[in-house]
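You will see two complexes here that share chain A, one where it goes with chain B and one where it goes with chain C.
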Partner chain A sequence: MTVMLTSPIHSLPSTPIHGGLSLEDASLAARRGVRGRHAADHLRDQGLTVPPVPNQIVASGDDQWVMALSRREFWIINPQQLATAAMPDSTAIASEVWPLYCQHSHSWLILQGAQRADVAAKLCAVDLRSEAFPLGAVAQTQAARVSVIIAHHTNSQQQPVFSLFVDQAVSEYLWLTLQDAMGEFI
Partner chain B sequence: MTRSRLDAPFGQWIDRSESVDIRFEGKTYSGFMGDTVASALIANQQWLLSRSFKYHRPRGPLTLCGHDANTLVQLPEAPNRLADELPISEHRVINAQNYSGSLERDRNQLLDSLGRFMPVGFYYKAFYKPFGSWRFWERIIRRKAGLGVANLTIEPRYTDKQYLFHDIAIIGGGPAGLSAALTAAQAGASVLLIDDQPHLGGSLNYHRFDIDAAERAPTLNHLRTQILDNDNIRVLTSATCNGWFTDHYLPVLQGSRMYKVRAKACILASGSSEQHVVFRHNDLPGIALCSAIDRLIMLYGVAPAQRLAVLAGNDQAYLTALNAHDAGIAVCGVIDMRAACDDANLVTALQARHIPLFSHATVFEAHANSPGHQLAAIDIHRLDSHGAVTEHWTTLACGALAVSSGFMPAYQLACQGGARLSYDDGSALFSLTELPEGMFLAGSVNSIHALHAVLADGAHSARQALRHLGLAPVDSRDDGVSCDVSVNHPWPIFQHPKGREFVDFDEDLQIKDIVNSTRQGYRDIQLVKRFSTVGMGPSQGRHSALPTARLVAHATQRSVSETGVTTARPPVKPEPLGLLAGRRFDPARKTPLDQRHRALNAHMVPAGNWRRPAFYGAPQARDRWVQEEALAVRTNVGLIDVSTLGGIELRGVDAAQFLNRFYTFAFLKQPIGKTRYVVFTNEQGVVSDDGVAARIGADHFYVTATTTGVDTMVREMLRWNAQWRLNVDIANVTSAFAAINVAGPNARAVLDATDCSIDLSNDAFPYLAYREGHLGAIPVRMMRVGFVGELGYELHVPSMLAASLWDMLMNAGDPLTIRPFGVEAQRLLRLEKGHIIIGQDTDGMTHPGEVGLDWAINRQKPFFVGRRAVDIVMAADPCRQLVGFTVNSTCPQPKEGHLVIKAGDIVGHVTSCEHSPTVGGVIGLAYVHPQDAAPDSLFEVRTDQGVSVLARVCALPFYDPANARQAL
Partner chain C sequence: MKILHCPLNGPRNISEFVYGGQVKPMPNPESATDTEWAAYVFYENNSIGVVQEWWLHAPSSYWFIVERHNGSDTILRTYDPSELLSNPGMVSLEDAIQ
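What follows is the complex of A and B.
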């Protein structure tokens, strides 16, 4: 029997792209997390670029991004690589460096388009306009009453996007809510 | 139909090329695109729009800008909408409200003649004696009270909210606001300009400003063009800023949306409210503020009547007379309450137009036409040197009267921010001081009225805001703007022996009502407000606050500045609750198997904030499905989605030590590969959560928690470890893992059919053991559990593999007719087994001894959370005990929550109860008096309709007391 990773929102209708505004489900793309006192050093030892302060995301290598959620918690995301069906690591990677389960705990939505901040402003109290939330910024906040991590970075076409990481149990809800918010712009 | 229409350029907001018909009170009226309902009706000589709240007096528009309650009308979808704000393009069917019979012949107008029997505060003094009489009166009063009728059948419209972020929010799009916006935007600030009218310009749209009307239009066009061309300015028209909250957090209502504006600074250019004059019958339709008459003429091209009179308390009112005359309306007189006009040129202008001037006089009484629905004439009386009314001068026939006694700053937003409104009794000038940091005033709200000064004040306020934001040099010299135009008449109140001089139109309050309030001891303006209800109507005191303050000051021998005005609170204007609610956000959590359940026709129910299958099948046959599902588990095999179970990982050298301190049991010596039941007691000794701890490695535990308790558990763990500083990483992995429980005598057979890499034999994988391996290619964590009392395996997998695992198990179990079961069957099965559910069989007072969890308390270890409290409460004499019970099948079945009664007192309640096909009867759990806790004791349960049922205590569990089946 074929084993497949299944995104919680795989069966929902996608949003038609209009005027460059689109919402994409990237939940099957690879991501992993590490946490612990030596997590930053561990990532640097791995040759990764680590943001100097929390709530930032930086490119590391060709397709990879490293996102700092605190001084001791980091997510490494790769929108170009598919995740595997293996059991995520659970034991210590190095001294006081623990793996996190963000591949499965959080869905990954990508909101793209010039009006992405206007869409987000209908759901989220944080000012996500580029003046206040430039490329490389990360916000750990709430949108439409659910916790969400929003990262501002570029995609493979060098277009600015918001990556939204939300608890997979409410990802269907957030997907539909975002589509509703996008309605007036498309 | 449009005999009252004036030719262009009057009527700048209407499009005469597009006629629109509306129905008002069943009659058809014509207007033009751009009209409001009120302007279109007045254009058809229909001044009568509503009936007053208390006396049902005929009322017409007062302000024509949505600032008074006289224009409240009923729409099919909603009551209490303001006719002077409703565009006729969007609202075609309108009715009046608050009348009995017809608007013209309101039977309740009888109340007007009974007014003397309804003095202020009579509500508080009548109706409650003799005892019980309120019940009689309440029915009548409730029928009479209220205005429109809510339509409960209509589909609510879609409303939502959006945040806006700007450097400066400017409230008011009049000349001051436009000037401020331009100055700020040109300096690089991001500006939000908010105005409650459909077009920018404020008074520049309608007010004459100078005798020759030379300044208004060019100034407006110049400013508006520049505003619209500036990319730094966002304009919101037909938008109301309805409150000011700390740090310039502003709710702005526009259409179906509430904007939640976050600004760094705020410029209040909200203008001022023109004040009416208090004289007998000053509420007749046709009597309106000068600004309202100006709006009618300039914006909508409507002549208010064939003959217009003007009652002036300031020079501005003269400009209304000039405006009306130049529009071709017969101005039959200007009555000036002052001895002389400030600007003599205005008198010359009146003379040039042959408009009679009655100086140092007032309107003492207004008279209605024969149906009583509109003004017909006014009695003019002379005033003496103290401003008191003396002899009758003349009577003028007129269909409309424009009045202006002055302007009161639109102070509401400033005062919501803590500002203080002061009044100088000598100069009759207002001032707002003690503004919150970052709020600045501009224009007439700042008591600046001359146009050139208003524009300069707008620019000045913008520079202040820019300096506040660091966008302009702090030390740059910028003197404030002053203005010597006097606009407020000191005493525009003329008491008549027959009364009916209205101070507050919303609440039908007259001079005597306010004065009598003070005579009853309510000297404080706040108490006068509460006793008389002055200022508590939809207008929120815009036109009643000043005359009330003057009357209270006079009656109590104080000054207006000493009396003050009532507190301003949000909202500034009435707001639909739908806008406050916004879009409905209801983030229900769904497991990764949600679509599988729906495909199997599951009946989904809330479980905490999750949605879970209650059972599989139509809800009408609920009992059948639950019994069949339970039977399948007992006799064959079933599977249930338990992904909602909380999951917590503890990793680190102190992980075992942490668990040992946190939970009641002992964990230091827990073997790797074993699970152990966990109970958490809070600091009050109350059982708060339970679950299972699996030891994966020496420094690694995987702990489950209840569906609704996991967030609290994680929070408590983090809180306690902030004190203990143990070397342990605590991670909430609830969403990272999904879980499926395969239970029943054939559970092992199902798993064996899945290419399972784990030896499932009882020796290799005994009850309460933990193993890791693969089912086919799916990596799993497995626990031998027995919650439902059968051979059972709980399989935990990464969430995105849950669907594959479910499909694999269903396929493997198909030859055995495996059956999914829901939470209802699970609850029944665990009840048969006597297992409690935290939160259902426990409450906020339950200690371990009451629910038979003594065995889960390790008293050998020195500490666990709640230890001291547990020792204390369990040492005390118990007052209740959770027991199992059965009832005779002929008795009504007790339900959860039904009370347990002993000697007439409540001693407990039923926590769980269900019919068990396995046991063959009704079984349940209940708290009973300890004296009744022994097996075979009888206790009384009060069921529905008060029917008492005798229940018999049973030893737990009801099913498989030897626990043989779960260890198969």
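What follows is the complex of A and C.
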């Protein structure tokens, strides 16, 4: 049986791109997670680059990014690769390494544009300006009162973007709220 | 808005945190009497002074320890629970933070 993946916000209107400010739904892009005492070593053994401290994101290879959420929790995200409908592992991947679900639990929104920090400032208490939140930084916080993970990295065109990961149950709300916040700038 | 310093994530609005109760050694579930277990689950010290408390940073699901004066509501220190592992009475916490 073929299973088609569908983003929970696929039916919502997209934001017109103006002045370089845009909001993209990347929920169908591939991502996976691991956690556990040996999770970092497990990723290094796979040839991946792992951030040295939590709340950072680093490029690993051509298209992948590795994000450290704690000393023992990592997400591997790939904006260029489409996710599969395969169920993630539910048992230990290796000794002291367990799957950490993020593909089917979180939506992935990408906010791009020079004024991305100004848009985020309307919703989030953390200072996301580049001086305080440089490329490679990750914030686990709240935006518009819902929990989000915000990662500051570059896209395939080497443009800086915010990747926002939010629980799928509230992704429609955050999508519309971000669009509303962007309205001041576009 | 009050600001609480999360050991993992840094300063965050207090609205991002959830109180998790007083830190206290857990008796052995296999050998504790009903009275000991009930005391662990239901009784709190509630004396005024500096207390150790569990707090959760909800967006990152990270549990940590806060030392707070419950009279003045002053936060004295926040730290990772691994610091408590040196206390033999708290050894069982190791499983809780995996």
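Here is the rule we go by: the second predicted complex is superposed on the first by the 184 of 186 C-alpha atoms of A that agree within 3 Å, B and C clash if a C-alpha of one lies under 4 Å from a C-alpha of the other, contacts with A are read in each partner's own complex, and residues count from 1 in each chain.
In this text, contacts are C-beta pairs under 8 Å (C-beta built on N, C-alpha and C of every residue); 3 or more make two chains touch, one makes a residue touch a chain.
Since we're looking at a predicted model, the values are computed, not measured.
*Asks:* Could you look at A:Ile149 and tell me whether it touches chain B, chain C, both or neither (first, second, both, neither)?
*Replies:* Second partner only, chain C.
*Asks:* First (chain B), second (chain C), both or neither: which does A:Ala125 touch?
*Replies:* both
*Asks:* Quick check for you: in the superposed arrangement, does A:Gln140 touch first (chain B), second (chain C), both or neither?
*Replies:* A:Gln140 contacts chain C only, not chain B.
*Asks:* Quick one: classify A:Ser11 as touching chain B (first), chain C (second), both or neither.
*Replies:* In the superposition, A:Ser11 touches chain B alone.
*Asks:* Applying the touch criterion given at the start, work out whether A:Ala114 contacts chain B, chain C, both or neither, answering first, second, both or neither.
*Replies:* Once the two structures are laid over each other on A, A:Ala114 reaches no partner at all.
*Asks:* Does chain C touch more residues of chain A than chain B does, or is it the other way round?
*Replies:* When the residues of chain A touched by each partner are counted, B comes out ahead.
*Asks:* Go through the superposed model and pick first if A:Asp180 touches only chain B, second if only chain C, both, or neither.
*Replies:* The first partner, chain B, only.
*Asks:* Would you tell me the residues on chain A in contact with chain B in one complex that are also in contact with chain C in the other?
*Replies:* Correct list for chain A: 36, 125, 145.
*Asks:* Mind listing the chain B positions that touch chain A in their complex?
*Replies:* Chain B residues touching chain A: 160-165, 260, 262, 583, 585-592, 594-595, 610, 649, 651-652, 696-697, 699-700, 727, 729, 731, 733-737, 772, 776-779, 798-804, 807-808, 811.
*Asks:* Of all residues in chain C, which touch chain A in the complex?
*Replies:* For chain C paired with chain A, touching residues are 1, 8-9, 12-13, 15-16, 57-60, 62, 98.
*Asks:* In their shared complex, at which residues does chain A touch chain C?
*Replies:* Result: residues 36-37, 54-55, 69-70, 125-126, 139-142, 145, 147-149 of chain A touch chain C.
*Asks:* Which stretch or stretches of chain A touch chain B in the complex?
*Replies:* Per the touch definition, chain A meets chain B at residues 1-8, 11, 27-28, 35-36, 83, 85-88, 90-92, 96, 98, 100-106, 118, 121-122, 124-125, 127, 129, 132, 144-146, 167-170, 172-174, 177, 180-181.
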